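Input: a single structure, listed below in structure tokens.
A, B, C and D label the chains in the order they appear, each numbered from 1.
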Amino acid sequence: MAPILDVRDLRVEFPTRRGTLTALDGVSFAIEPGEVLGVVGESGAGKSMTGAAIIGLLEPPGRIAGGQILLNGRRIDNLPHEQMRRIRGREIGAIFQDPLTTLNPLYTVGDQLIETMQTHLDLSGGEARQRAIGWLEMVGIPAAAQRVDSYPHEFSGGMRQRVVIALALCAEPKLVVADEPTTALDVSIQAQIIALLKRLAREKGTAMMLVTHDMGVIAETADRVAVMYAGRIAEIGPVREVVKDPRHPYSTGLMASIPPLDRRVEHLAQIDGAMPRLSAIPPGCAFNPRCPHVFDRCRVERPELLETGATRAACWLYDPASEKQAPEALRHG
Amino acid sequence: MVHWVRAAALVAVLGAMPAVGAMAQTVRWAASGDPNTMDPHSQNVGTVTMVLQQIYDPLIHRDRDLSLTPGLATAWRQVEPSRWRFTLRQGVRFHDGQGFGPEDVVFSITRALQPTSNFGIYVDTIAKVEAVDAQTVDIITKAPDPILPNKLASVFMMSKAWSEANNAARPQNTRAREEMVTTRNTNGTGAYRLATREPDVRTVLVRNPAWWGWQVEGNTGNVAEIVFRPIASDATRIAALLSGEVDFVLDPPLQDLNRLRAAPGVKVVEGPEVRTIFLAFDTAREELLYSDVKGRNPFRDLRVRQALYQAIDIQAIHRTTMRGQSVVTGTLIPEQVNGYAKSEDVRLPFDAARARALLAEAGYPQGFSVTLDCPNNRYINDEQICQNIAAMWSRAGVRTAVKAQPLAPFFAQIQRDDTSVYLLGWGVPTLDALYSFQSLLATRNGAQGDGIWNYGGYSNPRMDALIQRMKVESGEARKATIREALQLYREDLPHIPLHHQMIPWAMRSTVTIPHMANNQPYFRWAMAGAQ
Amino acid sequence: MFAFIVSRVLQAVPVMLAVALISFAMFAYVGDPVAIMLGQDFTEAQRAALVSDLGLDQPFFVQFLRFIGNAAQGEFGLSYRLSRPVAELIGERAPATLELAFCAAIIALVAGVAMGVYTGLYRNSWLSRLLLTVSLIGVSLPPFLVGILLILVFSVWLGWLPSFGRGEVVQLGWWSTGFLTWSGIKALILPSVTLGLFQLTLIMRLVRAEMLEVLRTDYIKFARARGLGNRAVHFGHALRNTLVPVITIAGLQLGGIIAFAIVTETVFQWPGMGLLFIQSVSAADIPVMAAYLVLIALVFVTINLVVDLLYYAVDPRLRIGRAVARGR
Amino acid sequence: MALARLLDSDLFWSFRRSPVTVLSALVALVCVLGAALAPWIAPHNPFDLASLNLGDAFKPPAWDEIGEASYPLGTDDQGRDMLSAIMYGARISLLVGVCAVLFSTLLGVTIGLVAGYLGGSVDGLLMRIADIQLTFPSILIALLVDGIVRAALPREAHDQIALFVVIFAIGISAWPQFARTVRSSTLVERNKEYVLAARVIGLSPLHIMATHVLPNVLGPVLVIATLNLGNAIITEATLSFLGVGVPPTHPSLGTLIRIGNDFLFSGEWWITIFPGAALVAMVLSVNLLGDWLRDALNPKLR
């Protein structure tokens, strides 16, 4: 089966006065229809940027400087604005982090649903309204027929995120980019929202790119997971493999932080140092200053994603050619 | 900058072209102030009179040279020392159609005598007014009054019937909270009648074709309509004239005269005004207000007054601030006023060294400080003159602060005697010296008219005696008395005379309005529409 | 809704009382009205009679209450300067000021919002940069200077437009309007541009700032992510949200316009309330000044109330309680 | 070291990148220096009446044929040197502007802190007052305050404090902007742990909070203050133009423009144009700086 989304060697740059910052570099991955791809990493690793690049909403002056994004085999990274607009919502839905700010406070949720559907689907006002109510029911909002005329501020945070999900899905896209959909919610509600997303994705056969720094959410929801570090993919593979048996030293550290579900992963007590700033990414492997297994090559040459069995990891440890240099600490070789 | 000046001139040319300029025989007239009432006996100020004298007639008119000519009275003579007899013009009608008769004269003068009248100075000597017959009225004065006709030339005649019907038998009291019909309505016998009255906005007068005077030789005016608009801002007023929005500006600012003279289609008519600008000292108080001199009043010392006099370079003011539009003077009254004497019109010379010496002699070698009170919208360049003088006095050692304010608060303040030295300008509508001496220099004694504008508190029994004589004497004796008073004025220096004002008028060249020394335009002589 | 209005009206009462107190204090104590009314020649008996006539011998609060009672009926006595009822004077002048303020407000709002939206949306275009620079010059020019310059150019130099007054006005009942004659409309142009210009630049800059702020919000990003077109995003979503603070600002500006009319009316000799006020100030005409103050306060309180109501209409969040603080 | 860091900072970089900003900073600097140092560097002392000579009145600028080098920008109707008068006038204008802004900053920051910290009905009341206050245009408040003080005080007393009255009248109208900014920052900080901790260990939480809030709001407050400075100067000029501003013995730029207005058509254009140009240059440069500062301190806008 052809992937619904195929990202190839994506490179995003920010021109600044001190030279160009490379925010994403050589990011490649694909999502199959109906598949949930989790994207994890620390803040600033480029997760959200990847999502923004895919939906064509990079904040200026950021721009795609290289690579391709293919949706159903069609290149979308270089489409004119108007054509890209038609894809957004219709073919790629998006869910943002904070439901409190994602909805326009001045319009009823019904207005916003109807507006979205009428933009993309050939529906009469009455039909759109009926469907809006249907969608609200589907995302689990009680008394949807009445609530359709309510304003966002009349809903709780969790309910609002349900509305956002309805909005993302109402034009029936085949791919949804969900950027930290639960981060802003109470822990108790997070699970409900994740369950809802999972259920809807399965029911509608929608593929999903789920961006989060919460490994717990990934473990529970995703089919495959991509670990990002400093604008690059460090490791990508089936979620069970990556969680249970991470290959990249960074993934290893990251997975060690799963147990406290409610804590943010920035607290990587296990890894010394912090992720480099985009302006100061070291040559070679971006992780080399913090890597416990670093060796000379890591400081010079940038690793490609290498097959490591079940997953692929960007680490020279897995290059047979570097075996003679690799320290004995290599455990999975 | 030069460009818009040229362009301004160009526009003025365009403005003079028929399309914009000559609306048939309408004169659009602008001045800085608006009359604050239409009541003829309520406010004795030029801004009111300049409009009302087009509407109302007095018994006696003034001619172009300000001499007396018949008005509603065709003849007058002093039948007894204290009795004047006036022969009334026949067939005169008020604007409402009623005829004018002796009862109206009796009524009007009685009305001007009311306490709410502001015209007391013109009628204060009158004891009684009697209608003798249908065309004769006698006025009996308390004492012989040789200049009564001069005064009556300023008293307008109202209709008795109309006034009484409108409950306006006494003048409107502008100070109290009352509004009367006469505030906004008129009923005169004059050449124009009031068509529209919008205070501060627009006053429209239309020609009264039935006016008796159109039959009289010399009243050749052809103006059918007068639209008066007050424009307070100097720049706006001049802009309106240059752009052709108004035809006649009564009070163009001096600094713009050259521009106006150079502008095609605009002409400037110049002439003297019967108004003298002077500084008056507080010579009454024991301790000067607003000064660092404590326990005494330097202005009581003639030497100090003389020092300040001689510290003033009046020629510099004449040249620069007045731009030549003033007649420098050393006396109280201008040439046009009865009693003027050339030999008394001599200034103390400008002599800064002498001024310092006099101050030192008087015991103020280090000078002192003083506040000069000044109006800033009453006389031509009043505030600037005060500032000029402050600089000159400061150089002589008398550190002078100028307090300039609009005329209303200024008059209110000096009328409370709350001043040390102030600038005042005095016009003489009667064209007789008594008016000035009595108002400005007589000791304030509660008698009507005596010293009512003498806020410096000057008091000299000799002067008072001379003024009393002026009131009753006539002929050569009176002339000698006035002369003696003028002499005393120069010796005593209660004032520092500065200059007589010149009053340039600016108008479009299509308009001709004879220049008058009382600063009043007489539209009965005005021509419009002719180049 | 009703409760909302009532609470707002109640909040306006102390403001009006405070202003009334100030104007009463002016009325009763500034420049000694008795001295002003009596003039120079008076006896003690006359003085006492006038004092008792005016009720100045009564206790302060009695006088104040009576002042409020009179003011509520529009009774402010007679102008010292013009000897006419103050209410009548102000009634005559109000149309001039209101028509001027109306035109200025329309100019400022329409052009200001349009230019603000444009510069907010296309903030890097050369036209935006030009507009911004020009607007900065606009806020840096004192209004009186603008008026003088406009007169210079358009009246004296080009001779296109009148430099003063209202032109021909048509009387519609007690209301005099300059809208119905050509000369009246021409006379309105320069003063209303002068008056509107400053507010225009302010509104433009504020709309732009709000627009930029709103365009950065998540819900705009989300609206784009939903595939809505530029038109819907910019005008349906961004502009509508921008309007919320803009309404407040516009209300404030309208107040500013009426206040700055004092300056404009002085420069253009516009026969409105502002000119009346300045003329009254220079003539110490206390009754007019007091009345003007009370009236202006009333106008502002009304504007504030209308702004609140508009707010209420535009922003649904306000409709439940007052949980959300106003604007920024 | 500090200088090196300043020169390397983003702020300085964005400053250097914008020639308009550099130019306006230069103009502002010239204005401020010229005004501040007027008594030492102005060619004449326009306040010294004894030094005025009416014979020198209406001299055109030095480059005119009949101009004189000792009066570079000509003289006014009193024989005052225009350049000196403008420098002294700018001094008054700036003094009033800066003091008024300082006053409203102080007032606004204090009220914002108090409202944000105390919250509840105090907050409600203060913010409602701010709302109402904002409704009244500064010019009207200034006219009102000035009028009241003028009426309430005897004239000598008024002349002495007139400058303070104008500063107060202008400053009093601008505080709500500061108060709102500070209040919202305070609201964010109030519930942070260190404030609670401060309470526990007996420190004045208001004080602690002030030391934490103030650095946060420094940027926005600086921006508001700069933009208000331009406004304050214009308001002062307008008041002086209407004749109710600073006493005429200390003419500000607005007073000079009012005087100059009389010479608009007379050919003595320098009396009008130079003070007006000086005022516009000063306000424009301050506004341009404020505009730049706002953008520079708000990276999201960049």
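In the analysis below, a contact is a pair of C-beta atoms (placed from the backbone, for glycine too) under 8 Å apart; a residue touches a chain by one contact, two chains touch by 3 or more.
Values in this document were obtained by computation on a predicted structure and should not be read as measured data.
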Ranking B-C and B-D by C-beta pairs in contact puts on top B-C
Min distance from chain CA centroid to global CA centroid: chain C
Between the Cα centroids of chain B and chain C the separation in whole angstrom comes to 40
Expressed in whole Å, how far the mean CA point of chain B lies from that of chain D is 45
Cα centroid separation, chain A vs chain B, in Å, comes to 90
CA centroids of chain C and chain D: separation to the nearest Å works out as 24
Check: chain D positions touching at least 2 other chains come out as 261, 264-265
Among chain B residues, those touching two or more other chains are 8, 233, 235, 239, 242
Chain B partner, complex, touching residues on chain D are 48-50, 52-55, 57-58, 77-79, 155-156, 248-249, 261-269, 273
The chain C residues in contact with chain A across the complex are 217-219, 221-230, 232, 236-237, 240-241, 244, 314-317, 320, 324
Within their complex, chain D touches chain C through residues 20, 127-128, 131-132, 134-137, 139-140, 143-144, 147-148, 151, 180, 184, 230-231, 234, 237-238, 241-242, 244, 254, 257, 261, 264-265, 276, 279-280, 283-284, 287-288, 291, 300-301
Contacts from chain A onto chain C in the complex sit at residues 55, 57, 81, 85-90, 93-94, 96-98, 101-108, 112, 115-116, 119-120, 151, 153-154, 164, 167-168, 171
The residues of chain B that touch chain C in their complex are 4, 7-8, 11, 14-15, 20, 36-37, 172-180, 183-184, 198-202, 229-233, 235-237, 239-240, 242-245, 377, 406, 408-409, 412, 415-416, 452
